[in-house]
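Listed next: structures, encoded as structure tokens.
Next come two complexes built around chain A: one with chain B, the other with chain C.
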Partner chain A sequence: MTIRNVRDHGQRYRPRMECLKKVEAVMLEMQDPKTGVKSQPQRLVITTIPHVITGEDIVTWLANRYSIEKEEACSLGTMLVAFGYIYPIQDHKRLVIKPDASLYRFQTPYFWPAQQWPVEDTDYAIYLAKRNIRKKGMLEMHEQEQYNSLHKWMNHKWDFIVMQAKEQYRAGKERKKPDRVVFDCQERAYWVVHRPPPGTISAMDYGLERMVDPNTEEKQTSDYFRRIIIFTQQSIMRPRVKSSVSIGALVKYSITYYKHDPFLTPCLPSNSWVTDDVTFWMLNMTNVETPTKMRVERWTFSFGELLSDPRGRADFRLFLKKEFSGENLAFWEACEDLKWGTAATMNEKAQQIYKTFLARGAPRWINIDGKTMEVTVKSLKHPHRYVLDAAQTHIFMLMKKDSYGRYLKSPVFKDTQKRAIDPNPHRFSVTQLEANARKRRPSLSPIIVRQQEEEERARMATSGPVDITQLCRFTAPVPHLAVYSGPLSSPPFPICLPHTPACPSPISVTIDSTPSDRRWEDGGGAGEREAVDQEGRGMAVSSRSRVALSLGRLLRRGCNPSTVFASLSPKCPAPAGTSSRVQPISTDQTIQAPPRSIANFFQIKVDIPPECRIYPIDSEDEEESGGASKGIGGEGETEGQVKEIICPWECLTPHQGAG
Partner chain B sequence: MGKDECKTMLDALNKVTACYRHLVIALGSTSDSQNLREELKKTRKKAQELAVANRTKLTALLKDKTTSKDDRAEYERLWVLFTSSMELLEVDMKRSLELGQDFPLKVPTRHFIQTGMTGSTTTVAARAMSVQNMKYDADSNIDTTDLKELQAEITQVGQMMEEMQMKVQVAPWAVEAKQEAGAELKSTLSIGNSSVGVISICEEEPKDEMDEGGDDNGMITCVAGFMFIVIVVIAGVLGYFVVGG
Partner chain C sequence: MNRWQKSVDEIQTRKRQVKECERALESLSKVIACFQQMATSVGSNLDGSFLREEMDKTRAFAHRICTGLHKKLVPLLTREMEHGPEEREQVERLWVLFLTGLEQLQQDLYKFSELIDRFPLRGRNDHHSLVKTGSSGGVSGVIALAAAIQTSWLAVEGEQSPDLKMHITQIDSLIKEMLQKVSIPFWTVEATQEAWAEAAQSSDAVQDQDESLEDMMEVDVVSQDAKMSGCCHPTNCKLGCMLCLFT
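So, the complex of A and B:
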């Protein structure tokens, strides 16, 4: 007994197969003795089998009947063959129509690919067993494989299958010879369509099954008309675009993506679906070292393309790391994670994101305008999946308008572009194709892939996304930086403060809304005290442990500064909504040196070459780090301390920081 | 004994199912005819009788709690055979209903599909009914009247299947088949000789299908080889005499 969850009340329909009913009508028309396709008898050695048709006849008939060109008639004919309504006699594995004298025959209606009769594996097993009998055990390779796998998982039915195969074989023998030949051809053609041998392109790839039969005529009840009315009303209200604009967009899209569409341009080295050679997939894997040229070209099309390709995103992340503005991308990714993540973790995630990115003095504070920040913080009281949407959009547009352009001109990108590989096209012979088909193996199980991804993510989290954005003076003492550094002592404070220009804070509005801050800090209250205690001990924390500290601890402590130092902080150094292209007033020297040591300070494991002081003048972050670094001054930071880990705010004793 | 009876009945059901399938495949093609419809009807009725008989027997055997473990396993195996046959039968019946409706006999504008099969299916039906010759005595509108009956029978079969599932608790996946892979090859030596005298090399499938008449070819090669050896022996003997003489 086959287990059937849905008792088959005709509930399984294949969505793209609406055309089947229409094809059946075509087939019936072709049978007309007067106006249909002319058939001839086929002469074999002894027997004559009637009703064979030539490809040419079919194509001509289709062209005449539907007044179409020969090419279109050819493709229509190929469709008929691919669905299995007509089968080729001579080259039975290639389901195409050849508009010459090659012979075809009509398939019997039982074997038509009807909408509601799914192809059963039991039948296939019986067919294979029958074929086994007839060929005396010499099945083809793919048939043998299928036979073995069916035998394995249908083992409980195997007696039945053997019995039924034998009986059907004997019953088949009862018919006359010509009919037997025809029957064998029919059955074989049916299974070529529904269980295609390797190398045959099947038309029966139909996707998920639906619960509704697309072929039934819908009853025109009042509900049906009501739906039509609603639909038309909504269509009237829809905003309209001028056709010149929309068509122009379509044309532009087509031109841009023409070469990247595997249906229109052959993909290099070869289309893995067609040739069974997996080089193409290997070259385009997620974490590949050198991407292909086509892939890199796609990144230049739009920012969305760059972000949606994981390799592109990684490249962009690297670029931002060098520019010290990685928090934008990190925030964007965190928002995506929130949007698509599980509902159970949503609250926690929102909280963490707030602490890491949005709170005043957060370690990776992002710069969004006051209005958005106000709205976001307010709605964070009742977090839901899309609570950060506005902020995310803002950051996305920021990255797109600002960093993306620079990325495309950056050495990082140019280097990737130069190194991108351009594989040569494969040219496989038929035997090679068959060999490829035989070598097909399933890829890694998705469970393993997911495990690997999670390991990767954990590794990235522990190694720290080490770009520091907010070394503002009032964030200086803070334990939230403890991840990358030890907790700080207060001395740097007075040094830092006077140097900072007091700019109006974009978050000034939100400073008033401390209640929301307070709420988030409930958990961190205890940690606050702990942080203060540990400040003294902080020096002792080694650089290694800093790096090893988990993100969680960072975030827990991260909110502390907001309450502790809120009163102390003047307006935030972050320029209010301005595009922050204002150059810090202090000399370049002070700007350059501390960032580098900061960079080394945080990027303990990464070696930043001195020339990579890409410190874009117009980056917002520069303000903050510039401000902070100004505050910290060049004291104690010299070029020679590239390798040491120094707390920039502990400017007095270099070795202390290293301890 | 219960088991042997069951087996014979199941074999019969199996045979009828196979023949029914052959008949349904011919529906709508050029070998369709009044006779075919009648054959279908008769085969169907026979299948149903066998099904009911099988079912009562098997349910009785399976409900009996006193059977030994081996016996029970055997009955479960037979049960799986039975249900699989019934499933095939049910599907074929539904399809014959649909095809019968799509291809009515008497409508002149509705043409049968020219599949190349033109012979009759009498022999198949005769095999199903286990008779020598089929007798045809149905009236001319069998295709329409039969369909109503067919619908009723389909619902009947469906109900029977559901009842069966309810009453008998058998886990089909737990049954182990007795036949191993390739078992169908073993007893097929007797099958291959039905048309020995006919040399039929099918031109349709030049390469791998000399086997349309493959089993015939086997016999023929044996015979040819034997003849050849005989001739060689005779030639040798004559030659010996010539040389000797």
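So, the complex of A and C:
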């Protein structure tokens, strides 16, 4: 007995098989003694078998009946053969119509392809067993393989299969010789169509199975008419384009992509689906070192092509890195991540993106126009998947108009182009093709592939910043933040920072890339620290102790250290949302002035070693002398500045629990 | 003594019953094969009312065998205590094979019913649309074969054979009922035959016939000139066939 799929309620309607009904109508027309296809008897040595037809006759009949050209009739005829309604007598493995004197015969309706049920493996097993009996074990390669695998899977009913094969064989022998020949040809043709030998292309490749029979006539209820009405109403409302324009676009597309379409131009070295040789796939893997020439050519077609190919994107990233404008691409990737990521992480991601790219004084501030920025920030109050769409489009167009052109002329691209490989086409003989088919192996499991991708991402995240814009010599991220916890007992800081796979690497890089915020002064002496005053130019504190002191001050100002630093940690998004604040762009906060000092302040980057920290340290309070009150008092105005980066929508939402 | 005698009798009865079931299964297999062979002619130029009547008869026959076998097999399985493990295995195997046979029959009946709907054979025009498949002989040999199937073990059944559609639904319900009644994990059943064994078993007498059959199928290659005839070399001349291929 067969293992029945529990969910299969007999609903196996295969959508591409809809045409079968029409094909059958054609077949029946062909049978008409007066107007159908002329058939002749085929003379064999000892007998004559009637009803054989030539390819030429079929093609001519089709051309006349449907008033079509010969080529179209040929392809229609090939379709009939590929479906199994007509089978070739010579060269039975190639399911095509040859419009010459090659012989064909009609298939008996029992062996016609049926839409309602797929072809059962049990039947195939019986057929193979029968063939085995007849040919005494001399089956073809692929048949042998199938036999062995079926024997393994159908072991429980194998006895019945063999019994049935013998009985069918015996029953077949009861017929007259010419009929036996015909029947054997029919059966063989049936199985060539439904279990094609390697190298045969049959039409039985259909897509997913549907629940509803597409061939049934739909009942014309009011629902049906309502749908038609809605459809036509919407069609009227659709915007229109001149056909010359749309056709022009189609033509242009076809011309551009002609050589890249595997159906129209053979793949180099060979189409893996056809020859079972995986070189083509290996050469075009995601993170291959040298891409193929065709792939590189595709990148020149449009910016979208470049970005959608991961290897192209990597190349572009490299180019942008050299040009120090990697934040655009990073922002774009972050937006993509937001759009396609899980809903649970969306809020945090949106916040991270805002803090990293959009906020005033963000580390990787991108340059979008004021209106878009306004709209985006406003809608970030209620973040959803597409909240950054406008900004992303803007950045996309920016990159496309500006960087893309330069990329195509850059030495990076030219180098890649030069090194791209152009493989020679394979020429496999039939035996080699069979050998290839035997050597087929499954590829890496998707679990492993995903693990590799995550490792890759982790490596990229820790490998350092993409942008090298700082004067500061410390550009490597410092992973350990426990240093900054200070003396206060605070909720334990996660020392081992989990790398969130959801967050792409761009966010994890917190290196300031905005020139305007460059306030680093390299390890200045103590004297320079005087410069810090209410205007608050940032100072580099060169000693760890000073940082500790200033930190102490910070702590006493009431900032919860762990949250401050945690919030600024790129790798710890969870507590980030709790109390990190960027000064909102809305005018709620009056403390906008002096903007520069604040801007400097917001460059807190935890990953940079302490020497580069800028803290709004009052010049007077350099030396920690317990001037806590002084610190607090003096900093009255900068009290607000000491606030963490606020995401504007945070004003409206209550504190989330500490991460 | 009495008990021992009874148990021996019982064992013998059981063995007999199992043997009968096996033979019944073989007959079922034969009938299914004959039915299938006849079904391949439906819709072709051999189709006709005669063929369909014969098919109905065969179908009724199959129905009788099925019900008979079902009646015999179920009690064998439901009486669990008295079987030795080997016998149990055998009966389970028969059960699984019976179910497979039923499914095969059901499938053929589905196809048959579809074909009948498509080729109704009512008027003259319908006869014109029968597919010219090249068959010329009839299926009388097959019919004779079907008739020759022995059913001595089958008690005379007075049942009416059902209508085609009814038959299909009946088999369906029969299968379902069988699956529910006795739960046998069918993956525990193993084949008694080795793979590729059936090739070695075929007798030599038919070898010549089969070879020529293969030749006829292969030799259908026509030479490239416009002749329609097949190869004109004598039979069994393989060399000749090769030459024919190359002309």
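Quick note on the criterion: the second predicted complex is superposed on the first by the 444 of 659 C-alpha atoms of A that agree within 3 Å, B and C clash if a C-alpha of one lies under 4 Å from a C-alpha of the other, contacts with A are read in each partner's own complex, and residues count from 1 in each chain.
Here is the rule we use: contacts are C-beta pairs under 8 Å (C-beta built on N, C-alpha and C of every residue); 3 or more make two chains touch, one makes a residue touch a chain.
Because the structure is a prediction, the values reported are computed rather than measured.
Using the contact criterion defined above for the overlaid structures, shared-chain residue A:Y110 touches chain B and also reaches chain C.
In the superposition on chain A, A:P178 contacts both chain B and chain C. By the touch criterion defined above, A:S75 lies against neither chain B nor chain C after alignment on the C-alpha atoms of chain A. By the touch criterion defined above, A:Q40 lies against chain C but remains apart from chain B after alignment on the C-alpha atoms of chain A. Applying the stated contact rule after C-alpha superposition, one finds that A:Y147 touches each of chain B and chain C. In the superposition on chain A, A:T256 makes contact with neither chain B nor chain C.
Using the contact criterion defined above for the overlaid structures, shared-chain residue A:A101 touches chain C, although it does not reach chain B.
Touched by chain B in one complex and by chain C in the other are residues 1-2, 27-28, 31-33, 39, 42, 44-46, 49-52, 89-90, 103, 105-111, 114, 117, 120, 122, 129, 132-137, 147-148, 151, 155-160, 162-168, 170-186 of chain A. On the chain A side of its complex with chain B, the touching residues are 1-2, 27-28, 31-33, 36, 39, 42, 44-47, 49-52, 89-90, 92, 103, 105-111, 114, 117, 120, 122, 129-130, 132-137, 140, 147-148, 151, 155-160, 162-186. In the complex of the two chains, the chain B residues touching chain A come out as 11, 14-15, 17-19, 21-22, 24-31, 77, 80-81, 83-85, 87-88, 91, 95, 98-99, 102-103, 110-119, 121, 123-124, 126-128, 165, 170, 172-185, 187-188, 191, 194-195, 198-205, 208, 211-212, 214-215. Interface residues of chain C, counted against chain A in their complex, comprise 25-26, 29-30, 32-34, 36-37, 39-45, 93, 96-97, 99-104, 107, 110-111, 114-115, 118-119, 128-137, 139, 141-142, 144-145, 175, 179, 186-193, 195-202, 206, 210, 213-214, 216-217, 219-222, 226, 228-235.
For chain A in complex with chain C, the touching residues are 1-2, 24, 27-29, 31-33, 39-40, 42-46, 49-52, 89-91, 101-103, 105-111, 114, 116-117, 120, 122-123, 129, 132-137, 147-148, 151, 155-168, 170-186, 188.
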